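The structure appears right after this line, and notes come after that.
First chain written, first letter: the chains are A, B and C, and each begins at residue 1.
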Amino acid sequence: MEVAGFLAAAAEIFGGSIPGFWPIVGLSLGVTLTAVALAALIGMPAGALLAVSRFPGRTILIVTINALMGLPPVVAGLLIFLLLSRSGPLGFFGWLFTPKAMILAQVVLVLPIVVALTRQTIEDLWREYAEHLASLDLTGIRAVPTLLWEARFSLLTGLLAGFGRASAEVGAVLIVGGNIVGHTRTMTTAIALETSKGDLPLALGLGAALLVLTLGLNILAFGVGRVGARNAG
Amino acid sequence: MHGPTSIMPLRVEGLSFEVNGRRLLTEVDLTLDRGGVVALVGPNGAGKSLFLRLCHGLLTPSAGAVRWGDGDGRRAGVKAHAMVFQKPVMLRRSVGANLTHALAAAGHGRAARRRRVEEALVRFRLDHLADRPARVLSGGEQQRLAIARAWALDVETLFLDEPTSQLDPAATRAIEETIVMLEGEGRTIVLATHDLAQARRLARRVLFVLGGRIHEDAPAAAFFTEPKTPEGIAFLAGDLLA
Amino acid sequence: MNHFTRRTLLAIACLVASPIGAEAQSPAPAATIVVASTTSTQDSGLFEYILPIFTKKTGIAVKVIAQGTGQALDTGRRGDADVVFVHAKAAEEKFLAEGFSEARRPVMYNDFVLVGPKSDPAGVAGGKDIAAALAAIVAKKAPFVSRGDKSGTHMAELALWKSAGIDLAAARADWYREIGQGMGATLNTASAMNGYALTDRGTWLGFKNRGDLVIAVEGDRRLFNQYGVMAVSAKKFPHVKTREAESFVNWLTGSEGQKAIADHKIGGEQLFFPNADQPGA
């Protein structure tokens, strides 16, 4: 790989002279942020509830969720594919090869991370807060909103981990999205495509762009966490 | 101050608590009337905190019962007693927001919350700290905030668990003034302390706890001048009690 | 639920709502059809050239899923595409016989080329006889990279071994590398290990990481590669957009589509040769 070729490709990409680059970035971010937000909406309350409740089978459930954090993306992709295929049980949605399918696949990938990290964080916090909240009659599900808000900065880290997994992922979105140009082509599937076309500088340039975006988001989240934590003590 | 209806008296009947077969509190029977400061004294591990938690409903008794005068210790469904812990939990938000949270949990509306928070901040001299993160306050300020939080809820009875054990003399004095103020408002204070001088300064009635039993239950003056039991005598003399 | 429960939920809801809005931004044209096609047509840039012409004329947007031929046919079999546009006649006729489409129409052909390293360990460079070249590769045990993914190119490759009289099952050994991936990945692999590979000319022309690879054998009639198009049967899948699908098929095989195909060039070279008018192709 020539450095010059890579630099030229990177300059072209960021200079906007490659048509369709920014839509790809927009779609990637849109899909992944939506997936992470949905996973947060479902996973954070679920994880918190799991942390503060006791029921038979709880340990098995926790171990299962922890294991699902390592679910191979292609497997997740395949399952969603079979579900959403016209011949599958959810085929009538007509979601296959649309951004909706990609969001669904990424939610499946991110949800276990969000649930597991939330559960861990809230359980630690719960040890400190339980008596005070019980004193205020906030027990069980009534304690969840307070605990989530108190853990907000730690949870942000968990969401970042989820974002990382979703945005870096190629197998699942390729299978369920179909890598359709202008419609379901994301940064990672575009990288896979350019690699297969042998255009390694362009693939690497796209990779660099993805890195820059991820880095930027992490810096942002880190800054928010830092400032927020200082202000909240 | 709460009109004719009161959650007091608090009747404790045959109250026992055990963990894994170990008895930590044994058959406590007593009645706490409305008003005044009642001090629970005794060495560490005597069962003082445990007693407060059982009364406050944080723990379920192994035997016996805690009965409030009005039935459930609530007014309009909201707990009318509060507890301030030895190490109070400070939420990761501002001093003002810590007060707001407690009021919201008790179901107060927005306007009532704002008014009550304002009053609490002024009364407990925390108004200059209102926007400060609660967790960076000094120990004394945190304890004051914790009491302010209970006061804001306008509870009738407060359980205070060693509120000054980790404070310097100046902060301790400030808390004691606060307790006198709360008593002056007609509230009932149940204060667990191992500081005999504090109990002497504040309490009207003293419960001497040792080994999970109430050994003496007497007016403060009587307990401090002529304790009835050998254990009481030894404790007041400062002798080590196992 | 109390006040701050509602407030927290509201905050999370706002957080969620913002990116969802961004997702629904692509404006929907009158209609959209899904075409399951092959990596070779996509990688050669054919669709990028001809589809805008079609969409402009008809208002029908076309979403292309680029897969191997076998996979593309399966996508049609599950009802996940409205049209399949692939290149493996026998497999297409099976699809037809199974009732997944009412009719197959020939569209165009391109050709395969055998590429290999400049050093030419099998001594086949410049030849016109693909069967002889394959026999030489077997004899020299020169590295050969196969798609191995049931794609049209893979099926064509297997047919070529057969027509050369080579029993691949018996002859294959370490020299025969089946990677189970697309055309581009196969060329990358061949380039990295200085092996031979069979590729369609379009992908080859568009491929940028050639290393030492050059064309070794081309021009043999047996290397011609016919593409066919089929609309997925509405009898099997009532949800397919038959009208739009038929419109696409008719345009592709009509004079305008045929001209667009002929006009698509890379570096001045025509990649696909329209032959919709040639019965039996």
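Definition applied: a residue touches a chain if its C-beta (ideal position, glycine included) is under 8 Å from a C-beta of that chain, and two chains touch if they have at least 3 such contacts.
None of these values were measured; they are calculated from a predicted model.
The most distant chain from chain A is B, comparing centres defined as mean Cα coordinates. The chain pair with the larger count of C-beta pairs in contact, out of A-C and A-B, is A-C.
Chain B and chain C have Cα centroids separated by 77 Å. Computed from the mean C-alpha positions, the centre of chain A lies at a distance of 31 Å from the centre of chain C.
Centre-to-centre spacing of chain A and chain B amounts to 47 Å, using the average Cα coordinate of each chain.
The set of chain C residues that touch two or more partner chains comprises 2, 4. Within chain B, residues 101, 105 each touch two or more of the remaining chains.
Residues of chain A found to touch two or more other chains are 146, 149. Residues 53, 56, 58, 78-79, 82-83, 85, 88-94, 101-102, 105-106, 133-136 of chain B are the ones touching chain A in the complex.
Per the touch definition, chain A reaches chain C in the complex via residues 26, 29-31, 33-34, 37-38, 40-41, 44, 85-88, 91, 94, 96-97, 99-100, 103, 142, 144-146, 148-149, 178-184, 193, 195-200. Interface residues of chain C facing chain A in the complex, by the touch rule stated above, are 1-2, 4-5, 7-9, 12-13, 15-16, 18-20, 22-23, 25-26, 34, 39, 43, 48, 63-66, 78-80, 181-185, 187-188, 191, 203, 206-210, 237, 239. Those residues of chain A that touch chain B in the shared complex are 128-129, 131-132, 134-138, 146, 149-150, 152-153, 230-233.
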